[in-house]
Amino acid sequence: MTPTYYLLLSALLFSLGAVGVLVRRNAIVVFMCVELMLNAVNLSLVTFARINGGLDGQVMAFFVMVVAAAEVVIGLAIIMAIFKTRRSASVDDSNLLKY
Amino acid sequence: MTTFLSQNVERLQAPEIDYFAVAPLLIVLGAACAGVLVEAFLPKAQRWAAQVVLVLATLAAAGALLVAYASDEGTPDQGKTTLAGAISVDQPTIFLWATLLLLGLGSVLLIADRSVEPGGAFMPEATPSGGTYRDQAGGGAQALMTREQATRFGMQTEVFPLTLFALGGMMVFVAANDLLTMFIALEVLSLPLYLMCGLARRRRLLSQEAAVKYFLLGAFASAFFLYGVALLYGYAGSVKLADIATATSGTDRSDTLLYAGFGLLVVGLLFKASVGPFHAWTPDVYQGAPTPVTAFMAACTKVAAFGGILRVLYGAFERSSWEWQGVLWGVAIVSMVIGAVLGLTQTDVKRMIAYSSVAHAGFLLVGAISLNEQGLSGTMFYLMAYGFTTIAAFGVVSLVRNADGEATHLSQWAGLAKRSPVVAGVFTFLLLALAGLPLTSGFIGKFAVFAAAVEADMTPLVVVALVASAVAAFFYLRVIVLMYFSEPAADGPAVSVPGAFTTMAITMGVLFTLVLGVWPPKVLEWAGTGAFIF
Amino acid sequence: MTTAELIADDPLWLIVIKVVGIFAFLVVMTLFMINWERKVVARMQQRPGPNRVGPGGWLQSLADGLKLAFKEDIRPVLADKWVFFLAPVISCVPAFVAFSVIPIGGEVSIFGERTALQLVDLPVGVLVVLACSSLGVYGIVLSGWASGSPYPLLGALRSAAQVISYEIAMGLSIVAVVMHSHSLSTSDIVDAQSGGWYFYLLPVSFLIYVVSMVGETNRAPFDLPEAESELVGGFHTEYSSLKFALFFLAEYVNMVTVSALATTLFLGGWRFPFVGDDHLLNSGWFGLLWFVLKTLAFLFLFIWLRGTLPRLRYDQFMRLGWKFLVPVALIWFVAVAFARFLRQEWEARGGLDTSTALIVIGAFLAIVLLIAFLLPDKREEHDPNAVPVTGGGYPVPPLDLAVPKAPPRRQVPVAELPTTAGGDTGARTQEPAAVTASKEASDGDV
Amino acid sequence: MLDPYLPLVLMFALAAAFALFSVTAAPYIGPRRYNRAKLDAYECGIEPSPQPVVGGGRMPVAYYLTAMLFILFDIEMVFLYPFAVSADRLGLFGLVEIVLFVATVGFAYAYVWRRGGLDWN
Amino acid sequence: MSWVLIALLLLPLVGSLVVAFLRGNDRLAKLVALAFSLVELALAVLAWTAYDPGGDRLQLTSSAEWIPTFGVHLSFGVDGIALVMIALVAFLVPVVIGGSWAEKLPEGRSAGGFFALLLAMQTGMVGVFAATDVFLFYVFFEAVLVPMYFLIGRFGGPNRQYAAMKFFLYSLLGGLIMLASVIGLYVVSREEIGQGTFDWATLVTVTRDAPLSTQIWLFLGFFIAFAIKAPLVPLHTWLPDAGAEAPVGAGVLLVGILDKIGTFGFLRYCLPLFPAASQELAPLVLVLAVVGIVYGSLLAVGQSDMKRFVAYTSIAHFGFIALGIFAFSSQAGAGAVLYMVNHGISTGMLFLVVGMVMARGGSRLIEDYGGMAKLTPVLGGLFFVAGLSSLALPGTNSFVSEFLVLIGSYPNEPVFTVIAALGMVLAALYVLWLYQRVFQGPVRGTALVDLAGGPGAAVDPERAPVPDLNKRELAVLAPLVALILVLGFYPKPVLDVITPSVGATLSEVGVADPVAQEGK
């Protein structure tokens, strides 16, 4: 199984995540889509590391994991704050700011 | 998995680190950690003072060390790369670090002020979120809150360590020499900002929604950036800018990866810089965030983002410029047009400045893509000038208040000159600087950038930019007209007397705007001293 | 010929045999364990315990299991169909998979095929176990969430929080072991202990692991998720028949797995103490015997704890996890790192050199950490107007389980019910209105 | 020589097959004598209160907090394990680095502790 | 003597600051402002005496480095043209201060601010004419806008906000387009001579051999900016509004001097820097100029508002000036420059007397007046003088300049000249008709009737309800009248200063001067 398939898969996952961010309105779901994108990137990083025969890609994947985790924490914090203020986590409800 | 072999295997060679060069960085980040400890162990009463002292001392120390390093004869003229080539402390880095530290100082002063808004602009301790605070019915936390209560509750001093973390991230970002470091720095500077946006004392819902919007879009953008990094890694087999540059000069690789990677990467960067079509978050966040934080974002984030853009473009993609320059032309034009045109329709001061920042991002991009020394120095000068003007402008905005917080609606600014001619005069000066009139730093910056662009045969772009800035001038003028020529509204806002900190911040901003406009040569030369090294 | 290489060239049939064998082993252990537990606890409580079915009542659990199969299978109306259906599977499968990396014996020959008594020896074996135990959490949470009923939800949340909390301590305690064995592969860890078992080389790690192992498996005294008196049955309240059996199975398999891991990590796995590797007692199938015995010892510990200790309160439980185990584990890790480094320095050149200064600095940092962690934590006073706050300013409705006053059913639309069980329910229910009001009030001029 | 992960897959398949079989078989083996009371959520005999099918917004916030802390330390472990495996090779440099790393996490930890993030009431 | 220019620059700036701090005490502020402007006038005279017409191209020069990075210098200097313009500034400002002594400002505005802005603007205007560094020129060019913007916007008529905004945006847009050309100059000079410079003298030698296309682009950049300033027809629409809404004093400076920056720019920058381009595009400019003359005059005829009327007349006059400049003959050029001075004087006076009429009648509309000469004979007379001067009656100053322009440009551009001559006729028409409507005939018009007590009432001068000019107003108008007559009969001193510079300019353009040839 050539690495290309993994790249395609990661591209697919990434696009899925991106589309999800664009179409879904619930903050938490949007946020999960972002995480999906990050992990898709991880996949391609590892694949490229395999192709290039180096370890950099895999190390990068570590860092990406950390960043993803940090984003999770921050995101949960913000979403929780807004969720306690108004009992909903839907981006649609946050319409005070004019577009 | 062979256990015993690993006993006597040779030690790993530790990368040598030039601590002197990266000292400012270490100080800022270390102080941020110290700030967290202060939060943890000091009683609530002493936190604010301790934090302010800590932050100011940190900035001072970092600045001093930076000057010491820059002026030390031991340092190579073109700077050096350290930390195994991850960080390069070259002349642009030093310039940008100095800019960041100064602008950071200004923003911190704004953040620390507790006199304009009793108790500070940030949500009080122990009142987690609007809904659960007892004065639910009132507009913002202050409705049922007396001044004493406000000052007793104080403000959430976590904002100081957060600021330092963000600042440290920015400093790494402009110095990062490989894309991975850049990405980490990007996150380190973004995550605290997301939180800071949601901490406003007034209009907490607005603030929190600004935070959530900024966060979601920001995470989205950084995912793009990261995917770009991955593709470029696949393309060049390394994330070092230099390696990518060498790879682009080679021909045997797949250009698809290069273009896709570059595109995604740049999208992420442009988002942070709130350029062109990737500006969607800017007005909302600028409006919703607490004004001091807005000032911090508008000034420092812009500097950091464009520092990164410059480094990436010059370091990694200069050779392949003919591939992408056209696209960035378009982006710059879109950005300038959006900023100028949508700015006309705004009725809120903060949103207006937000759109103007979009337009300015366009101008900056014009300088950044001209890819010559004038472009580099001009853009950096522009960044410094714009940063100071913006900080002072937001400082003034934070002064104009009515019963429930800042009166940011334009109609409330009518006839401000009657109430307080000084504030109106200062703001007028800043607006003229933003509009780029001569004798203000804005003009010199524009001139430098556009000169570089014409140098690079981008005259049409420059003409567009000039027209855009003429259009943009219109909405600055509108504010001046409101302040001076129209009669004040009956229940207009009062201009609260600024505390020492805010005064210092505004004064600093105005002074720099004036000095950089009237006597810029020194700074211009400094900005032009050296190029990036990789 | 390392274990990995031995296993690597197993033929397919041998692998299948091993898979089936381990599966059977786990199921049997479960059945035996249930019975044994009941008997031992009974003995501790001066009563006979199960003694009807089979010889000495030893088939009781089998009978129960069969009986469960013939019970009515109920899915509540409010439950989410598919998740409710899948949750038992999700919690059951990882339990089995986790065990497959455990080395249960040394090198043997099965039908003339030289191999090691271990299904698979991965370079990341330990991580596989941790990963599987984390996956098990999904089963728990989903089951509680899908049941559409308050008790399971709360039980699930509790046990999830509990599992992840203690997983931290567990993981941190393992790190020290890994430092000694330079490998994450279970078999390498076992080999590395030929020089000496880790439970006395790394006593702190061992103790932390044992405690967190109990917490990880939601066993007494940490069995709050199933706290009958508070939560009926916990996350599987709504489950019956074989679905329930699966949860039960998963729980006991997990017990076996963590015990086996403890054996592997700290008790030298399948090795017999005091004798060299080539000794008879360490050869062939003896390993399996020693392994089972050690594992049973741990399992007995489980039972013993259950029989003797009362259940902790939830806050006590969390405090133990977060405020004692985690910091101790961290400091222990740092200490071990220092110790190893010093020893190496010593071995390298018979004495310490310039780098000592840096080490002192590091040690100083560790001390600072110690102080930081063990400072008496006095909560800050909060103004009476704010709701009770936990952590970085996030309000927590007190975990009282007051079921909101039940209106006559099917007459109150869902939306109007208070969404959270808050301390001052009245105030909170008006809140959304108040919030919007304040929103208009504050943003009228925006 | 087969893929080293194959046995893992087989074990997974076996366990999954067993579990799936049980959950699917259960309704058919067991009797079916439903009545409405059985299908209601069990609330100790109290009339169950109707509520949204999926537990929307019923998660007590404290659990979010625990989740955050878990993520924090889990990520810390992600870095501790690689260090632990090759600790001896990394030498003094690695030691100092890891101590700084742990210290940094420790700061956050101390902050959470002091702010009562670890208290349950 | 080069300090004179610096002093001319700094003095009003200091003055404006001082006055700005005296906002509390209007009377004192006025006096201080007047004093400063008079000293300035003295300095200007000094500069005039120090200038040697036969001397260098630029005199009284001084230079200091400003922004070495861009090769920008703070360098000043004057040629004849700039000198007369500076003299005009120095002369008009005290007149204006006197003229707006009793200006009725909108409520809540302090006279101190008004005069401070006037002085600040004087600095800007002197700087524009004195700068010999293109960058510096641009800086002053833009800097002048701000005080004028505030003068119109704060102290102007009812519609002031709109007018101020329109004025500012027009000028700013023009300025920015010019900025593009300025940058272009910089880059061209970089390419031609190693490092970039903005020094005018250097640039003149550099840019003339730049390729034609480049020259044309750069020329257009400058030209549009100047065409907006000196309103040539398609870009003139801001002037009537600004002129009409501006307070009288500001109006005088606006039309009298600010607009001259445009024509001055033609002479100083467009022609010498881009000779080829200016010859290439001269026909275009001439068309615009002539159209301006006719169009301006026609609209002036049709005006019902006196201030707008003045604005339109000056549009016509600027047509003449532009014609003179782009006819490329020394006579026409000299005439044009002289015209710039005279127009400043005559239109300034016209503005002032209109202001005085309005101060009495309280209205800007022509039909509100009538037969005013009966009530205020002196004012009427002076109004008539101003009118005659602006229709260029022989014997008044404008006649000389207009005549020079026409005969000077005839050899090169007969057609345009003939059409332009039409403008003179129209001028006579609109001036006289306006005078007749306002001052002749029986007393009528809502602005006067109630003052005079009934239409056609026999009015005896003793109890004239409408006061005639007072001493201050006479003192303000007297010097203007004097100059009109002096320059009308004896323009030589001014021409002597102007002609060499114009000749030099033309030689820089490199065209054969037809008139000179005839002279041979």
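By letter and in written order, the chains are A, B, C, D and E; residue numbering begins at 1 in each of them.
Methods note: a residue touches a chain if its C-beta (ideal position, glycine included) is under 8 Å from a C-beta of that chain, and two chains touch if they have at least 3 such contacts.
Which chain is which protein? Per UniProt: A = NADH-quinone oxidoreductase subunit K; B = NADH-quinone oxidoreductase subunit N; C = NADH-quinone oxidoreductase subunit H; D = NADH-quinone oxidoreductase subunit A; E = NADH-quinone oxidoreductase subunit M.
What you see is a predicted model; the values in this text were computed from it and never measured.
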Field: Partner chains that chain A and chain E have in common
entry: B
- prompt: More contacting C-beta pairs: A-D or B-E?
  reply: B-E
Field: Most central chain, Cα average position
entry: B
Field: Taking each chain's C-alpha mean as its centre, the one farthest from chain A
entry: E
Maximum centroid distance from chain D, chain identifier (CA atoms): E
- prompt: So how far apart, in whole Å, are chain A and chain B when each is placed at the average of its C-alpha atoms?
  reply: 24
Task: List the centre-to-centre spacing of chain B and chain D in whole Å, with centres computed as mean CA coordinates.
output: 38
Computed distance of Cα centres, chain D from chain C, in Å: 9
- line: dist(centroid_CA(chain D), centroid_CA(chain E)) in Å evaluates to 82
Statement: Residues in chain D with touches to at least two other chains are numbered 57, 61, 64, 67, 74, 86, 88, 91-92, 107, 110, 113-115
Sites on chain C at which at least two other chains make contact: 4, 182-183, 372, 375, 380, 389, 392-395, 419, 431, 435, 439, 443, 446
Task: Enumerate the residues of chain B that touch no fewer than two other chains.
output: 6-7, 37, 40-41, 128-132, 204-206, 287
Query: In their complex, what parts of chain A are in touch with chain B?
result: 7, 14, 17-18, 21, 27, 30-31, 34, 37-38, 40-41, 44-45, 47-48, 51-52, 54, 56-57, 60, 63-64, 67, 70-71, 74-75, 77-79, 81-82, 84-87, 91, 94, 96-99
Message: Help me check something: in the complex, which residues belonging to chain A touch chain D?
response: 62, 65-66, 69-70, 72-73, 76-77, 80, 83-84, 87-88
Message: Considering only the defined contacts, which chain D positions touch chain C in the complex?
response: 1-2, 4-8, 10-12, 14-16, 18-20, 22-23, 25-27, 29-34, 38-44, 46-55, 57-67, 69-70, 73-74, 77, 80-81, 84-88, 91-92, 95-96, 98-100, 102-103, 105-107, 109-110, 112-121
- request: Name, in rising order, each residue of chain D that touches chain A in their complex.
  value: 57, 61, 64, 67-68, 71-72, 74-75, 78-79, 82
Field: For the chain B and chain D complex, residues of the former touching the latter
entry: 6-7, 9-12, 14, 33, 36-37, 39-41
